[in-house]
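Same chain, two partners: subunit A is paired with subunit B first, then with subunit C.
So, the complex of A and B:
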């Protein structure tokens, strides 16, 4: 923006100019072509103007509420947010960051008790799906990640994402070979599964089989980081009282117990330790189903022996030692199922 | 800077006469000579205590931040990574006097160790000193207690936008705690801390309860929280109650308190108070935001079954609104005159490194009396000729180390002055003990 002369463009003009530049950029091929370069420049320039309108600059304050709300209204009407995200890979490096900043600012906007942008995105869920698909493209993955996590803060938007088919792509995204993308995807994944407790619990209950079949693959991943992170998240999910129903379901499945027992013996001590926190739930369960009880009984002596020698160097960690002692005691006291068919659990009831 | 006096010479203990025979045996002459000596006030000499740099583990101790029945809270500095921390000092001797004292501390350590959330105070380290029978709980440094801020605010209440900001964080923290099966049982502004970046931290897990992992409900039995914040079911003496609903109630009372500066229930004594809570009749002060009123009505619902749950609070329209910044936010009140509450550890380090040990500062009772007299005069004159006073004050001590700020402190605050009396060194008199 020039210092003197030309007056500032109005929000409507800015949005229009940005949209035209984007359209041009969409149809042209980047590189070599002068026109394409020009379009890219225009996009960046207009983005900066919009950003300054929202955030202000070092020597100007952000624009008044009226201008900002005009801008937001223009953005909704012109469908520009979706267009920006769809063409994010064509915008230059700084421009990509500006898009994320503009998007997040407009998203956070509140009028009284309403969040107009959240309402708008609810009517245009493609925005969310396009953002999620952003993890497929290395050059825009992290920008999409910041926008996605901002969206995930709103329950209505998190719900759309969780219940979409695209959500299950996260099970691939968290495992991609590019470390920064994988870990960014994991933090978005975790945010979606933990942020809104009731929503998440309902989602996990309703989609239990599908989610945990996918989750099993993460726990068996060849990638150490994926294995460790997903195991840790599993522990957090199961030990959160909001997910009580999911937890009881998970710990009644003998396959899950076997997996945890194997993970207790993993090479990595960190994984062993995380596995311990899931394993303990199986043992602490006062109503163990028959198959679970059988596995524990079959390995009774071995488990007691194993746990006694398990991570003995953690003598400082009082809680861990208490829990370990409790588990050892529980396993020692396990009684075989009696011949008349009444199991230990039914006696307790 | 805290000023304390050290005993310069060891004063021999007085021997008490235990029976009449002994007194008779005493030389009458001695008794005749035994009278109270008058000592001129400029012969009683005090010595200013050096700011002694003290370490506990790797932590350098600073000034006291607060004090409770369990012991003091002091500011410390981690000497390895230079982070500010707060340390809760617990003396076993004191804990024994509090019902369940030692149990509660054990509880607190156990809970804090296993909790990790933005809105729950973090326990960094636990140190023991067997010799002194003390325990040190090193925690995140929080700049002030919400209660303190409230007390400094006009009408003891916060503007809505600020109260909303804290309340949202309180609910975030509480939701996490309940998710971990922890019922706090003592939510109140006195247990909510604020950090430098305005993050609220729930603290004090002394009476918290942990639910069994497989418990299907959240029935609690303890209910030892602060009376004014307890729900009717506890006030009415029920043996068991829903823990999460009790926390919701106390959060409701806290919200009421920070937005109105009042309490929904009061009473001349604790019995009256509990009686009033037990009846559950309370009113909303006029002019309170209607949406907030509605939320409070639902949080302070007499029937725990009808009372809001945390998800319901989250969905409430006031919770999701963002009250407009009215520009009158309440700031952290100054601590001992320091608006920015800068580190109190630094003066100790400075004196440790830069003040020579010989540089002892002496001043007499006479000086102090004079200073007090001056202060009184100054008050009467309503500080009209302050510059003249200050120059006089400085003349009290010629020593440079005795800085202007300190000396004027003595003059301004009589309370500070009183501290000097406790420990004295007495010149000339060897058989007399100052009481």
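So, the complex of A and C:
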């Protein structure tokens, strides 16, 4: 079949060669050593060959399904995917990107409605945990992030990640000092919490306390980007209908309301604006619990005044203005709590 | 709890379509040599000393700086995130694009971190500034009437750019904004492609409300490939080759071919006319005769309207023109000494006014949006412009059609130039005479995604016709064919009554079964006079 100068290696040969080179690389110290250099070169070379098999090159088409499926089978049997990820930091710059491309391509492979690589990874969740731990290492964090987000697209894999202890490491990863890593981690985090609606809602309900205790720290982060991003995501989570139960719980807690009211007054206008989109849910709730109602009543006049002057330059944003007007009306019409102590809303609308 | 709950009133977050290009791969991704282990670039502001400001953008400032732990110079781009109302994801995507590059000819990204409300990008410092800085400086200081740089210099710089592009494309990335302004030079003659997108978005990062998030930057109109302008189908890395060809012209003549026209006009010229060439913007027939056939041929190959016919970066590297290439050192002798000193650039940087000119943007759905931005073609009014030697190009600079008062430069352009494309171009564009009154207009309507868009254009009274403009808008895919009549009628009405009427709002014929609402412009469009 191939009419090129040198005969092409079969998938089995390639996988074997790559595995041997990786093993060599694993045991040798990088730098200086000739052998290590050779091993690294071999790894890179074989990775490029595998990548070309999957993607093709400018001169050649990708290999046939049969070859690709042989390759995938070899990758599973040799446990090479895990080995690659475990040794990612030892692979050179371009090689790291190749690993991610090979991984993502194999992951997307489908036979009918089945995704064999997804099934394979389900039996080897260590792959996922190793990828997640990649955020601890600057030099591989973004490569791991690319693979993780591809994994997160599959519900079965997202579920494993969400329900793992390692998931809670994300609360640290999203706040690391290097912006690109922190925001990469954040987009993976967001993907995991929003992609598969029902799975996410179940997870959040089942782990409400733990998640929101951690989440609180993000909202209070010293890092402006963390604060802004997490606040925005909070708004999106609460306003997603699937998360109705979670929302109800969240807007019943007076501490959460206090936090949002403080964030409405933050110096940053972007944060103010995001806070508004969470705050409105507390006010629009037709069944406000007593403590919430009390806070709003105590601040009734101040809130009306504040909202009236809030972001008035957004005159073109009709939805925002409608919502603002609605909130002002709601707050104005709040009535003191009945003597029987039950929560109530002032009007029927 | 009742189900008539708050979420009903809430906007759905606008989704940013992932624009990740499918991987285009070739053999060329040779592994780079790993640097010996040294101190990583720190992510704390205290480890850096800020030096002079060397560039100012709409939402960013660039400083020269010094990294203390590494004892090394660097550049710091400070992006004001409060002014960044677009999604942070876009910023991340661009930084990821940068950090996934490791190539001599692509800007070297070290790290990034948050300082207060700013994002600091730590980049390699390229002392020579941008190629555009050097071109402009040289045009002020010497007579560039017959060309800015010699072929050897052009070939040397462009070959480096091509190597960067080749790497970029092998990475599956498209730069989308190749132009002299985005090519940076180091003291030692290093040439790097910079600003892939970050600077581009800087322009879009102005105050926009949630529903109207505009993204997907496409490029600067003068350098933009026709297929990028056409909105129906996508484009690939060949778009960069077109921009590369325009950049080649820019290095010879000092400007992009259609630099003197407003963006909408550039769009139409690029789409309707034959591809531009070296002589398109020339005043005299023989003005650029110093440039030879090989160079012209290379440009021609890049500027083919059919992207499939353009060479790839790798193919282009084999073009005979690049046999003229010299080494880095040559650039330190020919190019860098003629550029502005760091000092000059510092002064200039602090004077530049954001929003002086603008760029054309495309939204997710591919509709056009014009928004203003700092730096750009030609019109950079610097103090030194008045003094010194006669400026061969000032006639061209005067012939800006958005300018009300200017001289007789246009007729001369119609008589000169290449008989093929250029004549056609200039004839079409003699819209700048004094008796014509230019009315600036904005058409506000929803695109296919139902997002509100502003399309800015001008109407030259006595020259343009309402149905002409309307059909241009339809031709550019901005307006539905079914709406052409109503658009024409309302545009005519507005122009006729422009002394009393500033805005017309009208119902569209193309309304897609939704309940029309004039107030929120659903099924309605609005044209307003902006000046």
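One rule holds in what follows: the second predicted complex is superposed on the first by the 335 of 349 C-alpha atoms of A that agree within 3 Å, B and C clash if a C-alpha of one lies under 4 Å from a C-alpha of the other, contacts with A are read in each partner's own complex, and residues count from 1 in each chain.
The rule we apply is simple: contacts are C-beta pairs under 8 Å (C-beta built on N, C-alpha and C of every residue); 3 or more make two chains touch, one makes a residue touch a chain.
Just so you know, these numbers come straight off a predicted model, no measurement behind them.
**Q** Between subunit B and subunit C, positioned on subunit A by superposition, is the outcome a clash or a fit?
**A** Clash - subunit B and subunit C, as placed by superposing on subunit A, overlap.
**Q** First (subunit B), second (subunit C), both or neither: which does A:113 touch?
**A** In the superposition, A:113 contacts subunit B only.
**Q** Once chain A of both complexes is superposed, is A:205 in touch with subunit B (first), subunit C (second), both, or neither?
**A** Neither partner.
**Q** Between subunit B and subunit C, whom does A:177 touch in the aligned arrangement: first, second, both, or neither?
**A** second
**Q** Touching A:319 in the superposition: subunit B (first), subunit C (second), both, neither?
**A** Both subunit B and subunit C are touched by A:319.
**Q** Tell me the contact category for A:136 with respect to subunit B and subunit C: first, second, both or neither.
**A** A:136 contacts neither subunit B nor subunit C.
**Q** Return first, second, both or neither, reflecting whether A:277 touches subunit B, subunit C, both chains, or no partner chain.
**A** Once the two structures are laid over each other on A, A:277 reaches subunit C alone.
**Q** Scan A:197 for contacts with subunit B and subunit C and give back first, second, both or neither.
**A** Touch partner of A:197: subunit B, not subunit C.
**Q** In this superposed model, does subunit C or subunit B come into contact with more residues of subunit A?
**A** C
**Q** Between subunit B (first) and subunit C (second), which, if any, makes contact with A:285: first, second, both or neither?
**A** So A:285 meets both subunit B and subunit C here.
**Q** Determine, under the contact definition given at the top, whether A:242 touches first (subunit B), second (subunit C), both, or neither.
**A** first
**Q** Given the superposition on chain A, at which of 19-27, 37-45 or 73-81 does subunit B overlap subunit C?
**A** In the superposed model, subunit B runs into subunit C at 73-81.
**Q** List the residues of subunit A that touch subunit B in one complex and subunit C in the other.
**A** Touching subunit B in the first complex and subunit C in the second, residues 239-241, 244, 281, 284-287, 318-319 of subunit A appear in both lists.
**Q** Show which residues of subunit C lie in contact with subunit A when the two form their complex.
**A** Per the touch definition, subunit C meets subunit A at residues 1-2, 4-7, 9-11, 13, 23-27, 29-32, 34, 36-37, 40, 43-44, 81-82, 85, 88-89, 91-92, 95-96, 99-100, 102, 111-114, 116-117, 119, 171, 207, 209-211, 312, 314, 519-520.
**Q** Of all residues in subunit A, which touch subunit B in the complex?
**A** 110, 112-113, 115, 197-198, 239-242, 244, 281, 284-287, 318-319
**Q** In the complex formed with subunit A, which residues of subunit B make contact?
**A** 110, 113-114, 175, 178-181, 211, 213-214, 216, 291, 311, 317-318, 320-322
**Q** What residues of subunit A sit close enough to touch subunit C in their complex?
**A** 30-31, 40-41, 44, 48, 51-52, 55-59, 92-95, 97-98, 101, 138, 142, 177-180, 183-184, 187, 223-225, 228-229, 236, 239-241, 244, 247-248, 268-270, 277, 280-281, 284-287, 313-314, 316-320, 322-323, 326
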